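Take a look at the following structure, please.
Each chain carries a letter (A, B, C, D, E and F) given by its place in the written order, and its residues are counted from 1.
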Amino acid sequence: MWERMTQGSRIKSPWLLHYDCGSCNGCDIEVLACLTPIYDLERFGVVNVGNPLHADILLVTGTVNHRNKRVLRNLYEQMPRPKVVIAVGSCALTGGVFREAYNVVGGVAKVIPVDVYVPGCPVKPEAVIDGVILGLERFRRKKSGKNLLEPGDWGEERRG
Amino acid sequence: MELSASDPILMPALLFTLILFPFLAAFGAYLAVSDRLLKVIIVVTGVALVTASLVLSAQVPFSFALSPDGPIAFRAVIEVADFALLSLIFYFGWKHRHPTIMALAALQGVLLLYVQFLLSEGQAHWPVFYGDNLALIMIFIISVVGSIICFQALDYMKAHEQHQGLDRSRRSRFFSIMVLFLGAMNGLVLANDMAFFYFFFEVTTLCSFLLIAHDRTPVAVSNALRALWMNCLGGAAFTVAMTGVALHVNSLDLSRLTSAGPADGVLLPALAFLGLAAFTKAAQFPFQSWLLGAMVAPTPVSALLHSSTMVKVGVYLVFRMAPAIRGTFLSHCLAVFGGFGFLAAAALAVGQSNGKKVLAYSTISNLGLMIACAGLNTSAALTAGVLLILFHAVNKALLFLCVGTIEQRIASRDIEDMRGLYTIMPVTALMTVFGVIMMIMPPFGLMLGKWMAMEAAATNLFVIVMVTLGSALTVMYWARWAGILMSDPFAGRFTPERQPWPTWTALGCLCLGGGILSVAAPWLYSLWFTRALSPGYEPPYGVHGGILENAVGAFAVWPLAGVAAVGFVLAVVAVYRAGGARIVKPYVSGLQTDTPGVFTGPLNQPVQARASNYYLSSLFGESRLTVWFNLAAVALLGLILGGAL
Amino acid sequence: MNEGLLVAGFALVGAPLLGGLITGADRIITARLQARIGPPLIQPFYDVAKLLGKEQIAVNVWQVFGACAYLMASAIAVVLLALRTDLLVILFTQAVGSVFLVVGALASASPYSQVGAHRELLQVLCYEPLLILVAVGVYLHVGSFKVSDILAWQTPLLSKLPFLFLALGCVLTIKLRKSPFDLSTSHHGHQEIVKGLLTDYSGPILAFAEIGHWLETVLLLGLCALFWTTHWLGMILLAGATFALQILIDNVSSRMNWRWMLGYVWAVGLSLSVVNLVWVQAR
Amino acid sequence: MSMEAIAVSPEHVVGACAERKAAGYRFVTMTCVAVDEHMLDVLYHFDKDMELEHLRLRIPKDSCVPSITPVFFAAFLVENEIQDLFGLRFCGLAIDYKHSLYLDEAAPKAPFCKGAVDASPRPGGKPPGDPESSE
Amino acid sequence: MPVSVIPFGPQHPVLPEPIHLKLTVEDEVIREAVPALGYVHRGLEKLAEIRDFQQMIQIVERVCGICSMMHSLCYVQGIEAMMGIEVPPRAKYLRVIWAELHRMHSHLLWLGLFADSFGFESLFMEIWKIREKIMDLQEATTGNRVIVSVNVIGGVRRDLSPEQQRMILTTLKDVEDEVRRLEKTLLDDYTIKKRTKGKGVLRSDQALELGCVGPVLRGSGVAKDTRLLGYAAYNELSFQPVVEPDGDCHARGKVRYREVLQSIDLIRQALSKLPDGELSASVRGRPEGEGTARVEQPRGELFYYIRADGGRQLSRVRIRTPTFANLPALVTMLPGVYLSDVPVVVMSIDPCISCTER
Amino acid sequence: MFSMAPSLMRNFFSKKATRRYPQVARPPFADARGELTNDAALCTFCGVCAAKCPSQCIRVDKKSVSWQYDPFACIYCGICVENCKAKSLRMHPHYRPPTVVHEIIVLHGKAPGAVSRKD
């Protein structure tokens, strides 16, 4: 029962860590807009904690470059399991329009496992909400305790 | 309370063991040629003192008069000794070219002569020694805590001298003064004759001077001289008080002076000067600087003289005179003065990063609170004061010894350098934290005392406001110290550090002692503390089931202690279970490197993240506040003396 | 004795539930003031249950000790209040909790949690004297520090101790971590020191700290309620109104710095208290 | 359209900037352009009363340009940027990031240059946060 | 005196963007602040060498999402000047309208974040609530909330229908009412004044010497506004630069607040004068030569240097963004302020790091 | 200090500003630049879109007659749609929904219908 309670609560209380990995601010401000009255992500219990040690969801915007990939990995490692990574915006998915720039490594998935991809340039707040809700699906199939699946692993649904 | 008929054989034997035996032991220690012999002397003295104080506990209250036709004319001896001491002090003043000391010594000499002259016609017929439960508590502190400290000092001083690289050991000198001091303290506490009291008072002053100057560095010597002149000022005030007493009642009987109920007007000035003497000894503002300077002495000295025992003489003196000034303006002033000392020293402690200075200020602060208790002069306040005396002595001795042990290991007494001490010396760090916890947390004895003091002070606006502010400052400077000892990331188990067994014994005894005494507080309360009150003071609280209660408030010592113990065990279990927790680096904005606390800064260079304590130097800086505090204290002193005159 | 145990047990179960609901209401009201819908009422329980089910990571295991001790001290303080014991002892116990929380935060080398810990100590420095003076004021008026005697008092304390109640409001703002005093850690993490004091508390121990905070909220609102002891409705209304005002103040002010806090609380809070104390004593 | 720019030599560039500062010009920025595989254009842009004025310094890419940070402190950022992106060196920089303002080890060296470059840092400027630099 | 060394960013809740400041702090007073950049550097100027000059519009738009319109405007104006293209008047007015909408959304965004930086959460929420109306306007008229992407070389891609114009006017009325309602709080609230007055003071001579631009410069009492150059249709609209003399964070906030109202006024003027006609001129040939272009971005003067050698690709695009110009001032403002004021001072220059590093 | 209070009170007692997404979804603006689709039946595989795309996310292979599109690299600027002579490219007003896998859309000209391959 305890298991079910914590698992249920996980879906109800996703705390967010937003890391701007080198985005043009377009997606950033849309992520931030999600927390403001019009979209009010707090309806779903989302709190922007700004601190990996408290976060359940890592929301990344922007391209990964040679300098911030270390930061991204650091933040990811500091999050307690179970955790979900959501890549937001074309830049975070593949590097977007900047794919070919010399200092761009590529999408977030090149550094850490990604669970949910939210395409768009910039993404709309509604899409961010959709992405978070999709990300929460992952908690539904996670067991708490020691054998937590690593993020990015959707089990049998994973293709390719 | 009636005095027990003093046993004609036992009593002299006890007094001999408590007072004279240490003098002899000191002589022996001075001549001791080997460490082993020194250790034997220390242990024997300690055992003798503890035994004697235990035996004495069955004898109090007692008074003891020397028969004038005894084999030795003690009084004459003491009178001569008084002058000898003064000459010695004068000599030190002359040697170090310190006119103030010479002047004060001379003044004391003149006043003493005058007292002799005044008393010449009526010969002494009052008891020389007097012991009640208050004195007994002091004796216990001196004997037990003093012995523990001396015992620990054996190894401490060995290391200390190694550190200094002396070619000739000066340990025998050191220990002879320490042991001598124990005897003098016992004498002081038991003395009823003011001449005796004065003699022992001056001996402790001199011991303090010699021990502060022990390391012979220029700083040590100059600080020792400051301590000497300030204490001489106290001595002078004492002689003035003696003169006043002799002038008006033609006697030097301390108990008569103090137990006669509220004093009539003529004696008030004398009592005020007695208070002044007490303030210098207790290093209250504006005399706090000598105690701070005294921190250059080896740590056992600070633990023994400058926190547990000698400075308490001031408090003890005020407690003795409390009944005499009950209800007077002087008493009220005393309360305000003490409360002010509590607040001011706590504020200055916040601005300190030097561990020993924090301890020193904390001592001054607590002494201030005790003086305030005496000034409040209700039975609850006085009981609170006695509680504070006892628990402060034990806790502070523990903390000083811990700091000394730490200092020998890390070669610094700065709190900032103790960051993450747990990784280096886990046991000592834990003991220090325990000491700090005992300072600021219920249900430990010190907080019990503070609680009682607050409830007693609640009707006195000045005092309660200062005490509440002071308490908050106290929490601040202790909590951050305890916190940073445990700082720095670590995982897994640490092996306890190695220390000589006497150090462990001493620290362990004090830790255990502090804990056990706290739990035993309700029991001790009915056994000792209420009986330490002078006649005319009713026991303030009733005790049942470990709960101290009266119509005003209740402190459930045993239930709280029980719950706290359960809580502690639960927390430890939680820590133990969290042993498997994944240890991560602290959050440094995502820039952490493999080294804990190091982040990648500009230029991709590793930078050590640091966060020093807040010393709030712009608010609580020593240089900023001391002047104002001293001025305020001088004004208050003026009020006390002026009001009494 | 048995009755005491019953009350204690009831307080132990009831206070966290109440505290969680109060926190949930706080979040909803705040959201509504900001024209948002806000989370469900039982959101705090979701949060805590989730945190309890998370992986325990720690920078330093002493954090665990600190958080546990904080939780326990808060619980004891609430139980002592429920048992109607001495007000000063309750306040001392509550202070113990704060100290342990600080010690736990100091155990981490992260500068954010260190700075947060020091700011928390400054907050303790600000509110602790006020709390004790409130107790003293109550004592001067009622003649006892015991909550049982205060509850038996026949007139509302608020009529005689209005300024002290204001001072208590000041304390409440600090303790509830509301603007302008949310210096050491704030409810929303947009602060220069991240989550401050709580930065490196994570997972279950963060849940402990959170529950401890609920208990403190209940304790302080309980103290507020003591100012209207003549009727249980008055107690609830007074506590509720005070809490509503706290939320409003939180939403109409920015976060200040500690210098301002120290100056303001010591100047305004202390003078309010002292004026009231003088007034009470003069009668 | 063509832009008029006053050509300056490396010796005179700091002086020319100082003159403009004295005349009340606001420093806008600097631009570096790779002319060919060996030469770089460094342009200094100034503004006064909404009019722009440009200085042009044409130099080989392995030379050392005197920094104008003593005149315009604000230039430290752009000079560091040019150091990073072109491998050009500035002598006497107020805050020298030593080719690490933007680019990490893993990133390509001097990406804007045509042809090969040697972008190893050379002693001279002071790094930021160096105790010496915070006198 | 013991000091603390505190890393500030790149991941930090009060900084929406990754910049790192190494702060040396003494009892919460900043003694030294050393910035570290490079967390957003993509190297997009270099993309000019592999994308053609038309495609570069979409790339420079993504220099910064908040002021994307301004970047493309500056870029296309530079190219148009180089190629000698005369932009149709309607396009010029439409550019002004969208540019000012963009300025409003950027300033409102900033006012919200500024409120957040000193912990005034409800004000942040309130302002962002208002800002959403502008976002809706942008989405309704251009197809995207943030990156409006309306500029093309020679004109604009989209037109404003009469209904859309009416919608803009009614929304602006709403926004104006709501913004004016917050005026007392923003400019006169006790706690806000306490947190912003006298913080990060920059005298006018200092601001000029450090090369500051935009609201930072105008907040220090210097009346410099690149719009006075009269690009697009600004030469046909009447406005005065907003200037505040105090030079502190409060003054910068005031400048931006008043510029929101100024933008509303400018949009109304532009809509009332909106001429009929073509949306864009035809583009023939390829740019050649070198040139500069400047526009007034919400954060200040934006400067483009473009060099082309007649090919499809440009040989160099250099972008000097306002934050790049204001950053040195930030480094000199930080020492001496309290740690708690760091976010306020940092936010006061409205830092856009992705602009700065490109 | 309470200058903000009237606004807050108004908020408290009036209708909330929040759009209850996803329970209630607001219809997108008509001209919004959302999801990009290609109608293989109309597409001439001329390659103009691929050439114009600033993000180079479209690849047209005239030999195998295929149109390959990476929605994760697309910046939804609409340039391709504007330049599509065959009017086969369309931008829908609704945005592309989030997914859990990286899809690359490939259309073949000769084949009767669109084939979507997930990668």
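Just so we're on the same page, contacts are C-beta pairs under 8 Å (C-beta built on N, C-alpha and C of every residue); 3 or more make two chains touch, one makes a residue touch a chain.
Note that the structure is predicted; figures quoted are calculated from it, not measured.
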Chain B and chain A - chains in contact with each: C, D, E
Mutual neighbours - chains that touch chain C and chain D alike: A, B, E
Greatest separation from chain D - chain, by CA centre: B
Most distant chain from chain A, judged by the mean position of its C-alpha atoms: B
Chain A and chain D: spacing of chain centres that average the CA atoms, whole Å: 40
Centre distance in Å when chain B and chain E are each reduced to the mean of their C-alpha atoms: 66
Rounded Å distance between chain D and chain F, as computed from the means of their C-alpha atoms: 42
Interchain centroid distance [CA atoms averaged], chain E/chain F, Å: 27
Chain C residues counted as touching two or more neighbouring chains: 33-37, 55-57, 111-112, 114-115, 188-190, 194, 199-200, 251-253
Per-residue multi-chain contacts in chain B, two or more chains: 582, 584-585, 587-588, 590-591, 601-603, 607, 609-611, 613-614
Where chain E touches two or more other chains at once, by residue number: 4-8, 10-14, 22, 28, 34-35, 38, 41, 43, 46, 58-59, 62, 122-123, 125-126, 129, 132, 144, 147, 189, 191
Touching pairs among all chains present in the structure: A-B, A-C, A-D, A-E, A-F, B-C, B-D, B-E, C-E, C-F, D-E, E-F
Chain A residues touching chain B - in the complex, by the definition given at the top: 19, 51-53, 70-72, 74-75, 77-78, 80
Parts of chain B lying in touch with chain A, wherever the complex brings them together: 582, 584-585, 587, 590-592, 600
Chain F contact footprint on chain E (complex, rising order): 51, 54-59, 62, 122-123, 126, 129, 132, 139-140, 142-144, 147, 149, 157-158, 181-182, 184-185, 188-191
Partner chain D, residues of chain B touching it in the complex: 601-605, 607
Touching residues (chain side chain F, partner chain A) in the complex: 16-22, 25, 54-56, 70-77, 95-102, 118-119
